[in-house]
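Each of the next two complexes has chain A plus one more chain, namely chain B in the first and chain C in the second.
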Partner chain A sequence: MTSMNIQSVRETIADLLAERGQGTEFRDDESLFDSGRLDSIAAVNVLLALETEFGVDLSDPDFDVSRIDSLDEIKALLGATTS
Partner chain B sequence: MTANFNIASSLQESFSAHPDNEALVAGAERYTYRTLRENVRRLAGAIRPCLTHGRVGIAASRSAEACIGILATAWAGGTYVPINLKSPEARLIELFERLELDALIVDWAGEKLLTPEVEKAAPGKIFRRGADRGAFRTLEAEIDAPHENDADGPAHVGPDHLAYIEFTSGTTGKPKGVMVPTGAVESYLDAMTAWYDFGPDDRAAETCDITFDLSVHNMLTTWKAGATLHVLRPLDMVVPARFIRAHGITTWLSVPSVVTMARKTGGLAPDSLPSLRISLFCGEPLPVETAEAWSRAAPNSIVDNIYGPTEATIACLRQPWTEGGLSTRERGIVAIGRPYPGMEARIVDAGGRTVADGERGEIALAGAQLARGYFGQPELTAERFPVIDDKRWYLTGDRGYRDADGVFHHLGRLDNQIKLHGHRIELEEIDMGLRDAAETDTAAAVAWPMANGTAEGVVGFYVPGERNGDRIRESLRKILPPHMVPGRIQSIDAMPLNANGKIDRNALTALLQQENSGSAAAS
Partner chain C sequence: MTSVDTARPQASVTLNPLRWRRKWLDMDRNEAVLRWAQTGWGQTILHVAFLGVLFLLPAVRTKHFVLIAIALVLSAVLPARRMAVLTAVGAVYFLLRPLKHEEHYLVFDELWTSYGTSAPTQIGFVLFGLVFIAFAAAMIRNQVTRKAGFIARRPIQFMLFLCVGLSAATIALPDTHPLFPPAWIFLAYLTGSFFFLGYILLDSRSKLALPIGQQLGFLRPVWAATSVPFKGPAYFRKFEAGNADELAISRLKALKLVVWATILYWAWDIVFNRILYGGLEFPQLDDAIAATAAGADQAVAVRWAIVGAAFLAQIIVFGAYIHAFVAVIRMAGFKVPRGMAKPLASRTISEFWGRYLFYFKELLADFFFYPAFQRYFKRFPRLRIAFATFAAAFVGNILFDVISNSPYFATRGFLSMIEDLSSYIIYAAVLTVGLIWSQIAQKRPKPEDGWWRYDVLPRVQVIVFYALLQVFDDTSGVVPAGERITFFFSLFGVTP
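Presenting the complex of A and B:
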């Protein structure tokens, strides 16, 4: 994975936070969905970004959606699937 | 002793019958009926001394703490009031001032709302997550395990005791708190358990936030049966089919848009959900196409449509779909069927008179499931719950008709109340926010675009005032919760008016239609 791609995921998340009237700052280990900061519509957007940027196959039965709750988890997921 | 209508009785009874069955699974946390009851008793013991009128706020996401908080409030003899986590600070403060809560229960998502200003308006007693799983603490101390002499069962309450107050969007910009008594909940559960054989081997899914009353169905039908409730986290909502497969879910109730989501994320292949045996949909019109897709994916499941406003407790009309399904052809949606036992439905005209079968009018409801009314709003309660022919009715504001066979059909909102992604929204409330945000006298919102009679977005129109475009959205976000902020905010030179001098929303919708067909023709 390239740092540029992760940067675009970070921007997607920041945009989604802004659209929901929240500050765009978030820590890499901060819960984004379970904490209630982002909703399921936002989750679809994040998933679509992962599909576009990294070619993550959303219909793959091994893809566990509960593992994208924080940017750290997303990085770990991508590290695992792209290696 | 008369029967106990406490909604926590289900927990107590299932604990007696199946103490070691799993009752609740939320993320990595799992509770049996025994451990759930212990945690509920522990918190209830701390809540009980706080109760005066009994209202306890619960600000929580989809968590075990939310469930424990609800059950503990009921167990202690209180009334739970779910607090929307997405409320802006000013709305929260106003809500706390109106409700004068005896106590507030927060999970870690709810705790984030407690800014110094919010905490000042919040009740003095706040229960937060404790050190142990499922436990709570106050600012002073952890709450200890219950003593031997603590009450062994839930507080004894009658059918008129308020189980909960659910807030919905209000026309005056003031959210309406629907007060639902335990007797109404009991009547709902009696009807559902007579139709559906929920049992201790079932695995149900919690698909809703606690601010939506479908969550009451999911919690109580499950715990009454001694079954297991699996809570979907927000991310699970994106790929619900995956969740159903992973947990072998057998019973399901959600809004139909969850199915749309499942299809979008490629998770609704034929025969892909064999574990399901009961699937119910509620909360918005159920497109026939959606019901068919779900039936194909879940071949072992019945698929039924239930209908009803929060004011008539979760749902009070039912249309079985799998067996002899009837649709409302002009809308391409499943019919809403017939009233529950103990409930009556009528189609009335503007004067409250029943109209003939086939004629369109407003859907009115009466019977055991009616709410008591709106918290602190007696005039509004009298207006929406009028007495007609010596009986108390609720006027739903939904348009519909009854066909010659006595089956009811839903045609949409009579006024401008809409459903957007499962949220009930009054367009007038958005108007109001938009007027403030744009510093103008004239603003109006319309639902757009529409698909199968369901709103998929909102467009806000305003006549330019003092503030410019970018800053309007920014200020609107401070006034309205995110789901109410229009996807598109559009300035207009003059607002179209109807014969009564009121803003003509239909003309605004026509404008958008024109624009749409224009761009379609151009491309």
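Presenting the complex of A and C:
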């Protein structure tokens, strides 16, 4: 996991927030989906970005979107998946 | 305090309506109002005001207003037991109003009396309701224990198979057969609660899952008005007010939203219902479609005006009802997002779909889009999104209505019901193509494109797309699909 990859995911999230007319600033521990800032379709875009940037397979049918609710949780998930 | 402060004029009471509007909209961020909303008087006045405004909406007043009032008042009196109160009232609501369509209640009444009982039909609702609750409890428990592996892995598919089997049985069996009444009644209960139970099952392994007994209250939460659930119990727990401040904010937001819902409703009723369609006798869309098919000669501009008026009226009245029920959820202490948020401001087709009917879109995403996205075409990102969109916007969209209406197969005839859906199939197909194009290929406008290409043109294109699409947005079959196609082409001057 590189800081460049994480920066790319951060930019994807910022773009999704902008598309929904929201401010593009967010903290690493800030809730994105549970808070309602982003919806389920946006989650798919984040999942795609994670698969593209990190080459991980998050396609488990039981995968819960709440596991990528914040950038911190995304980092933790990627740490667990790639280790 | 500085000399500058003392020299500043005292704030005076203003009559400027824009300033009052701003104060109203900002009241859930006003410290003084927040403190007041937490006092005994504040809570009382908020509840009286909320219920008083809610009562002005006929869609709530004529249905389950009393249950909503009981749930909200008890939740306020027993804040520590809010979830238990909502569960209990939800269970009562489910036992009293378990079915989706009014016509289903008439069939239930006939079947209940066919058992030769003179007991009131309500007793039958409670008895069959308890049987269905036992079934739902077994399904939820199985999600945790995973004893029946296939059902635990694929709970929604299992319920779908059950619907298909019961529908086939009700079609095949004569209504005098002793197995017909239980098969039809279970089908009516299952289809009326399909997506409510579905959400409970999807949520049951969540870290925020409620105890099984409380999950059952979400078979028909008190804010439910149609067969579109506003998500499942775990979702509500995420938005539950965690302290007195958050609860006050949630209630103030509820009051603002229910007032907005009432304004929208009465605007619709006065402008469209009473003046445009009443006093001025401007044609309604379905009447105009039927008239065009019958050979009526109307100017193309008038037809476009009919489409535009119907589209605007539909958005306003849908917005009123969705806001009202989301307001009830917020008043109960769950600060969930709105169900409709400025749809006419959308710049892309997919953005409109998310802004217009947020919770229906979420339902299609949760039950159809995600599962397809997680399983198919993983190596082809664009095809993957396109197929998942097809699964949600076309398959899911149609299946939603087929499931809800499947008790009609036995009473109205299977082929007749499918024929009634033909217009909606066109609607879902065009919507699907539009959404796929929007997600994969539509260029997202940017501010640097300029006022016309950023603020005006994209919005006009989206509005025209959905306004035209509503010509086919019908599952009743009262006006046939062929007549709708004829009307659609007549909008462009093409007549047979």
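Here is the rule we go by: the second predicted complex is superposed on the first by the 77 of 83 C-alpha atoms of A that agree within 3 Å, B and C clash if a C-alpha of one lies under 4 Å from a C-alpha of the other, contacts with A are read in each partner's own complex, and residues count from 1 in each chain.
Quick note on the criterion: contacts are C-beta pairs under 8 Å (C-beta built on N, C-alpha and C of every residue); 3 or more make two chains touch, one makes a residue touch a chain.
Keep in mind that what you see is a predicted model, and the values were worked out from it rather than measured.
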Partner chain in contact with A:40 - chain B first, chain C second, else both or neither: both
Contacts of A:11 with chain B and chain C, given as first, second, both or neither: neither
Which of chain B and chain C A:19 touches, first, second, both or neither: both
Touching partner for A:72 - first (chain B), second (chain C), both, neither: neither
A:29 touches, of chain B and chain C: first, second, both or neither? neither
Contact residues of chain A, present in both the chain B and the chain C interface: 19-21, 34, 36, 39-41, 44, 47, 59, 61, 65-66
Touch list for chain A against partner chain C, complex: 19-21, 34, 36, 39-41, 44, 47-48, 52, 57, 59-66
Complex contacts: residues of chain A adjacent to chain B: 19-21, 33-36, 38-41, 43-44, 47, 58-59, 61, 65-66, 68-69
Parts of chain B lying in touch with chain A, wherever the complex brings them together: 27, 61, 85-86, 88, 108-109, 112, 233-239, 242, 261, 264-267, 421, 477-478, 482, 485
Touching residues (chain side chain C, partner chain A) in the complex: 205-207, 238-239, 336-337, 345, 350-351, 354, 358, 361-362, 365-366, 369-371, 373-375, 378, 381, 385, 388, 439, 444
